[in-house]
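Shown below is the structure under consideration.
When the chains are written out, they are named A, B, C and D in that same order, and each has its own residue count from 1.
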């Protein structure tokens, strides 16, 4: 039976450390994104600021994607009563890809003005976003399968996860294909998926505890 | 009644994670500001160091603004007994703008010597500062409206917040208008607002607990 | 007798601070690695992205090495009931070298294409990896010798550490020698050692608590 | 009487947040130092690596100074039972200067090869180190004066602080004066002071709890 070797409510220290290291990587990756925003000389100051829209767009999409990944991660660890060696390693893989995201973000932002290289960079960006979501799902699935999360808190809220995964994965796969033809449209789809994850994905989970928020 | 589903004093884990992620973004954004400080060749070493005053000024104004936002944020979460999905999302928006601040800070610092581009960059800077304050206020207002903070600790200290908001918002709006004519004066006003927030805004809140500090 | 001046299970605050500061440095060093990934002009966008393989390789090796060092560190601190002044100082030395790793990582990534400078940079990289492991071992050995970790939790799991250390140290020393002749092969060995540490090193320790995971 | 409004051992949440934000800034500032280490073209790879010694020296001195400041800070907060508004603000000032340190560190590292600009940059570096120490002392003195730290844990360990301060302040003032004539000697003194702080300053404080470590 899961969690039988540990009184309910007490959490192991390794869970705390996993959260601290993960929160560190999530927040640093999100904050480093700003370092790649830049304006470039041709035009007046106002034109330069407006012309830099791909940097703002890429910043917002990547920040919201990391934010959504963090929301999912914190929902997962909220129910965790202990870790196991494989969970810590899958978690490191998630973080490795999250920490990598600023690089394709920079490529996409720089490429949105030069038509020739857009396609490659946008595809690379999409694959990174897809990897973050797939690895996040693997982390979640492993934790549930190994009964690492405490059942009373987690059961009702977590079982709809596989269903929720489909629109996000579908959106990413469609966007990656679109990106081969129309890279800018693909970036718009990545934005839409990030908004979808932020706005809808995590909402149902908390409903039971939050007395069904009145709109 | 607020907090009735959770024994007083016990805080949900999501509150802890929200704090950890937020502390990460606040401290990283504040510390990344230093990366944009630079000196430039013409003149002796001493002249270069002194000539870089706009970088020091922009560093201090942005650091103190992030510090004030963090003070307000930590006062808010101190009273929080639980989060809800919308609170976490408003919080992500706050962090998205806080993490963006190093970019307009860099623009302002670089522009204070070249008269032509000052106006645009200083306006952009002011709008970012304004957005941090407005979103911080929205976070606070939402938490109080949804009774997410525990009343005994929070009541007496938090109800004067709307009043305190006015001078800061007023200062920002006036400074943004001034900036269209005299950008350097606007930066001085942003400095004054940051000092005001640091020195006065948060002081009344703690008075009841700190035995009224004798000056 | 170790820990006799503190009720078992209660941990001193300095332990918490040591963890927080260490988690900060580990996660920042790991996340800063991405800043050095870059693509360079000759060729099409796809060729540029593929041609940047040394950056991806160096990123993954350094990230996994920091990840393995963090795993070892969190296993150590999990058993700690108190710190002492020397432990905090050895820990600062570990962090000083971990925080230094992004620099040789950048050198190696940049050098893997230019044959002349590879040897020096790869040796420097190997010495840094070796220093992280040796200092990590010193931290562990000191904590056990001074009985700073609580025995019931730590005993069965930690006594095989010296044995585990040998293959890693051996791998590093062999790779440093190989690197003097064939730098790229050495980088492959560093990758293998990082994978070995991630996959095997920490696994035995948790076995007793995790009911021996069925493969 | 200090701490009378709060049961001993229970710490206020604001103390935890102050620690989290401070640990963030300390660890990020320490880890950002690596970004400024660089090698420059003239000479073979080995010559370039060896020629970069000022960068390694500046990295180590600044890292150890931040480490010593963090040690002092964590000793202070260990005894804290509550914060007050002014303490949080003095703390923000400490962090503002700590986060600034990477900038003069970069200047000093770049200047140690060019004789003309050394003097100014080394003086600026020394003033920043001095400011960190003086503000850290102010934080400590304020916390003790306002009885914010719990007396049973703190008394015996903290009262020798003013005495300890003198050699460090003296060392800095002497080094700043020396730096006007012989900048490189001053950097060596800063190194010595950092080592002194790491090795001796904090040791006496823990003695009572750590059963007087046998050398």
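General remarks:
The rule we apply is simple: a residue touches a chain if its C-beta (ideal position, glycine included) is under 8 Å from a C-beta of that chain, and two chains touch if they have at least 3 such contacts.
Keep in mind that what you see is a predicted model, and the values were worked out from it rather than measured.
The fewest steps needed to get from subunit B to subunit D, moving only between touching chains, is 1. Taking the CA centroid of subunit D as reference, the farthest chain centroid is that of A. Where subunit A touches subunit C, under half of the residue numbers in use are shared by the two copies, so each contributes mostly different positions.
Summary of the copy comparison: rotating subunit C onto subunit D for the best CA superposition needs 90 degrees, to the nearest 5. Averaged C-alpha coordinates put the centre of subunit A at 25 Å from the centre of subunit B. Note: centroid distance subunit A to subunit D, computed from Cα atoms, is 36 Å.
Shared contact sites, meaning residues of subunit C that touch two or more other chains, fall at 20, 23-24, 28, 32, 35.
If the chains shown are joined wherever they touch, the resulting network closes on itself as one ring, and no chain has more or fewer than two partners. Checking each pair of chains for touch leaves A-B, A-C, B-D, C-D.
Listed in rising order, the residues of subunit D touching subunit C in the complex are 19-20, 23-24, 26-28, 30-35, 37, 39, 44-46, 48-49, 59-60, 63-64, 67, 70-71, 74-75, 77-78, 198-199, 202-203, 205-206, 209-211, 213. In the complex of the two chains, the subunit C residues touching subunit D come out as 5, 12-14, 17-18, 20-21, 23-25, 28-29, 32, 35, 82, 84-86, 88-89, 92, 95-96, 99-103, 107, 111, 116-117, 119-121, 124, 146.
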